[in-house]
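Below are two complexes that have chain A in common, paired first with chain B and then with chain C.
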Partner chain A sequence: MQRAKGIEVKSVVVQVAATLALAFSFTTVVVLLSGEPPLAAYGHIVAGSVGSWLKVAQVLRVWVPLVLCSCGLLYTFQIGLWNIGVEGQVILGAIAATAVLRWGAAVGAPTGILSLSLLAAMGCGGLWALAAGILKTRGGVNEIFAGLGLNFVAVGIILWLIFGPWKRPGIASMSGTEPFARELWLPTVAGWRISPYALAAALGVLVLTWWTLKYTRVGLACRAIGRNPHASFLLGLRPDRWMLVAMMLAGGLAGLAGAYQVLAVYHRLIPAISSNYGYLSLLVVMLANYRWVWIPPIAFFFAALNVGSIQLPMMLQMDSSLAGVIQGSLVLATLVVHGWARRRQRAS
Partner chain B sequence: MMELSFQVLMAGVLAGAAPLILATMGETLTEKAGVINLSLDGTILLSAMTAFVVAYESHSLILAFLAAGLVGVMVAAVVAGAGIYLGQSQVAVGFVLTLMCRDLAYFLGNPYSRLQGPQVGLTPLPFLKDIPGLGPVLFQQSWITYASVALIAATWAFIYRTRWGLELRAVGEHPHAAYARGINARRVQLTYALVGGFLVGLAGAAFSLCTKPGWGRPQGAEGMGWIALAIVIFGGWEPVKVALGTYLFALLQILGISLQGVLPSVPTQVFQVAPFPLMIFTLVFMHLSQRPGAERWAAGRPWLLRLMRLLRGTAPRALGQPYRQE
Partner chain C sequence: MHGKRVWGTWVLVVALVGALLWPGMATATDEDFIFGLLLVGPYNDRGWSQAHYEGGLYVQEKVPGAKMIYIDKVNPADRPGVTIPQLVDDLVSKGAKLIIANSDDMKDGIREAALQHPDVYFVHVSGDDALSGKGPANLANIMGRMEYGKMMAGFVAGLTTQTGKIGYLGPLVNEETRRLAASTYLGARYAWTKVRKQPEDKLAFRVTWIGFWFNIPGVTADPTQVAQNFFNSGYDVVVSGIDTTEALVVAGQKRKEGKKVWAIPYDYAGACETAPDACLGVPYYNWGPGYVRLVQAAKSGQWKAQWLWLGPDWSDMNNKDTSAVGFVPGPALSDQARKALDAFVADLGSGKVNLFAGPLYYQDGSVFVEAGKTASDTDVWYMKQLLQGMEGQSSAQ
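So, the complex of A and B:
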């Protein structure tokens, strides 16, 4: 028993080492191809992300929405759904939050308006996910294509709002809607670059997700259906209903991330409000091997890459998309190495 | 006057759809064999960048198209290798590649942004271009457009009129049965994943060297890969219907541009969204029309019955499922 465990730990270490080696040799070759020094590039990313407390706060600002979306995706991955529509759910959450702030700005009582906008964002994100879920369970549309389609529709809606009904007086442009007054910003502490409320909320959601998935009926149903939908149906679980529940939970958390982008980061609605964090969260959860413990560190690492790579165009003649190359090659290397190990295991 | 503008519209649709036809035909071949290559959006951008850079450096368009095709083959090889041989989810691998190839294209193509590069010109076809009326518009196109039209016929003939096509369909429907009949199912799947990838790569080159010439961030071909994937489903995995879907999309795009003249406050991107709700609607319709009783219900409404029969299509049964060869 002890020995078997030792071998398992060893094989995990070998797998992780192989993954890192594969991913980083690939990105290094890519950087070399572009004719720039790889070590300097990595150095700038590290210095630009964890080089000072200010930068760490910047990374945490990206970490919050990634954690929120990733927690939501845990529910859908557990039940066996590919919720690629998470991007659109973030956008709808941002739209709902903006709508409440716009209509509520005249009413007063900022705290009430802020909480209302958070609720609206969760509701709208959840409904957008529900639409994809119903298309899947009732309409026979694969959730990947339903989700993708709804993502593009969400982009259409946000562009229409920014250039149409919600345009700035006189000028409609990609720079977004009129910024909100300061009292409608998510409250923060003087001297902090990141709202402590947002950090607390992200941690709270993380713990709640862990608890829900481990100890409640919802978690049990998700796991059972994800492993064997047919058997769980025979045991009296309704897979289609639980899938809708999982989608709503994922959409609600994604909507919350969208509201955070509006209330705490941009303070207005911009076309790129989701910043691709929905898609990035799918990568986070895949790299975390669908386990909640790994989400906070991996989300932090991905956020650091995103923030640090902003230095690249300034310090070197490089595009900041190197972050995406590193993130993608890490997940890809994980899939390849994991598949390879499983194949060898089966062969032996 | 009216007649003339119809011809111009037709010529515009044929030319505008040409790159997408390459991509949708490639993906149809791949999916018919039971492999889903979800990486199209990234592959198209990466191959578009490669084609532009190669054409810019070497001044050879043929080399540029070959390089782009090779990029498509390499990406497809990763999808097929991890999906077919390592048993990983094809959707997962394809999705990661979509994001990564796009960033790779932006990163490596950065020094070549907004440069003036070589382009594919128009090649009027001798004799045909002199046909009164149709000739001057339909036969004064780039050779990519002619090739795209020929490719539709070739794909259809290959899938339905050759022995290889029969093997391809057999593997996509039932790899185990095909294997029992002596077909190396895995090798067939790998082959058509690579062939499809090559065509998708050519589509990227067609974008950056002809339809939306040049490279930059954004290039203009963003989202086209997703649209191609949607159109393959819309067309029910039948090459001719897929091609019709592609032309319908090109028509929508052109109408969108002219609509913008009428509604200037609405950005073009809003019109680009149109194919997606259409795809979802088609999929729901396809699903509902397969229910027992649907045909009886539609019997009293002839147009509905015709629409149902037109849109009916089923996915290759083994699509996206790793086939374990024992």
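So, the complex of A and C:
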């Protein structure tokens, strides 16, 4: 057991290193071809993401939603589902939170309204995931297609709300809704750029996810069904039901991330409210080899890249799309390395 | 396997060493004045953002010690998860003493950032926080009186159209875009009725909004398609109100197909270059002089939370050092139209022609400017609807 764990840790480290090497050698070539200094570029990214407490706080601000989504995805990956609909679940959470805040702004008691909006976001995200789950278990629709379809629907709904019923008075713009009053922002400490409540919540969710997956019936069921649905059915587990539970847990946490984007980051609803954190989280979890323990550092690395890459256009006048090249090649490298790892696994 | 691990270690070491060795910004001397510029689109968009970028270069040239740091594509579609206060933190940590935000879309973010950094000066372009009193003392606003530029654009469109149908490619609907579309219409109507002596009801002026300042695939309407629809349905001049050059690009393509159509781009003095043979001219902003004024105010401690709405220099509206807005006639403009334009500009400058004189009505028939009166600055700034005679939506449905 101890040895198996050691090998697994080693394989994750090797995979991460290989992905980085592949992605960064590719981007280094791109940077060199564009005639810019790659060392300086990477230096700026590092300094721009962990160079000061302020930067770290900014990275943590991105880390929170990534961790929330990734924890949720652990349940669905464990049970063998590819919950690509996580993006739409984030959006639905953001919509639900906004709905509660809009309604609650008139009612008063900010703390109550904020808590209610978090609950609504989890509920809505969960239900949106449940829809994909039911399509899978009852309709026989592959969860990837169901999830992607529902993502499109979610984008449609958010665009309609922003341009229609929730527009700013006299204005028709995709900029977003009217910002919320300050008492409806997630409380933070003066001078901080990250809400300590959000940080605490993300850590809490991490611990809770670990505990649930390791020690509870939910975790046991997810793992058993993920490994062998037929055997687990014979053992008296109902894969259908547990899949719906896993989907709802994932959707709930994604919804929470959506609420965080509204309450703590943008303070209003915008079309790009999810910031692609759902898709990014899928990569985080894949790169973490579906192990919770690797999620915090990998999410931190991805968040640091997001935050630090803004230094490139700012300091080197590198065409701003180069930041996207780094992220894009990381995505590709992840896929390549995963394929390579799986083939090795099968071979051994 | 071993090789890959070595590779990974290498890259990590290189990244870390690079960070340590990188000298960072050269330390600012007393003379240096670093200012930041947040651009909503690409710095080379041949439109709104490029005009600002060149304004920043002008400041570097004119103010000794001034140094610009800019970030472009500052919008949630291009940079997911990035917020204005976050970028302002970055710019301030690089030593920026004044920060210019060039988009209406940044209004809330820049106000939040200005509160977080009371010792840094902020300029929000096109906003009115300093006018409405919603912003803190370190936040000023600047805008050009593009109404004049748009009147000229409308004027040449009205002179040139052969079908009597002018299309306006609008961004999103707000007070700014309404007053600019309305100014274009007033210029077109003036040319149509006063110069060409055509009946007013034979002029069609349609505004189609795409939903944002530029194309965001899947979110906004596609400006290329909107422009094509205009040209395909008998509109032979399209006036652009968006940050980018789609209208002119499409007009250039249609010309190659043999259609007699024209377009008028917007924002940037060099915009006609994209398709010169279809370009009737471009109303543009010249941000340099206004920026210099604000940077010098901040540098010398004479800062005020002022709201600047800067007009053209009527003696020479294309003077780089004095005029905040201008109009460059395009290669496609006929000589006759060019002469008429010169006369029109002279009349605007002398005050002989005021297109914001009543009676003017909103689309729903209510009065915008009473007969015998002229609209004040705030009347124009806060225009509530499109004007009677224009087709298209005045606000969200």
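By our rule, the second predicted complex is superposed on the first by the 293 of 348 C-alpha atoms of A that agree within 3 Å, B and C clash if a C-alpha of one lies under 4 Å from a C-alpha of the other, contacts with A are read in each partner's own complex, and residues count from 1 in each chain.
Note that in this section contacts are C-beta pairs under 8 Å (C-beta built on N, C-alpha and C of every residue); 3 or more make two chains touch, one makes a residue touch a chain.
What you are looking at is a predicted structure, and each value in this text was computed from that prediction instead of being measured.
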In the superposed arrangement, which partner chain does A:144 touch: chain B (first), chain C (second), both, or neither? first
Which of chain B and chain C A:135 touches, first, second, both or neither: first
Looking at the overlay, what does A:153 touch: chain B (first), chain C (second), both, or neither? first
Let me test your reading of the model: by the given contact rule, A:164 touches which partner, first (chain B), second (chain C), both or neither? both
Quick one: classify A:270 as touching chain B (first), chain C (second), both or neither. second
Is A:290 contacted by the first partner chain B, the second partner chain C, both or neither? neither
Could you say whether A:331 touches chain B, chain C, both of them, or neither, answering first, second, both or neither? first
Chain A residues contacted in one complex by chain B, in the other by chain C: 155, 159, 163-164, 172
Chain A - residues contacting chain C, complex: 14, 16-18, 20-21, 24-25, 39-40, 42-48, 51-52, 54, 58, 61-62, 155, 159, 163-164, 167, 170-175, 179, 193, 265-268, 270-272, 274-277, 306-307, 310-311, 313-315, 320
Given the complex, residues on chain B that touch chain A span 38, 78, 81-82, 85-88, 91-93, 95-97, 99-100, 102-104, 106-108, 110-111, 217, 223, 226, 229-230, 233, 265-267, 269-270, 272-273, 276-277, 279-280, 283-284, 286-288, 290
Counting only contacts in the complex, chain C reaches chain A at residues 1, 4-5, 7-12, 14-16, 18-22, 24-25, 42, 69-73, 76-83, 85-87, 89-91, 93-94, 104-105, 108, 172-175, 209, 211-212, 216, 218-220, 384, 393, 395-397
Across the complex, what residues on chain A touch chain B? 30, 33-35, 82, 84, 135, 139-142, 144-146, 148-150, 152-153, 155-156, 159-160, 163-164, 172, 279, 282-283, 286, 317-319, 321-325, 327-329, 331-332, 335-336, 338-340, 342-343
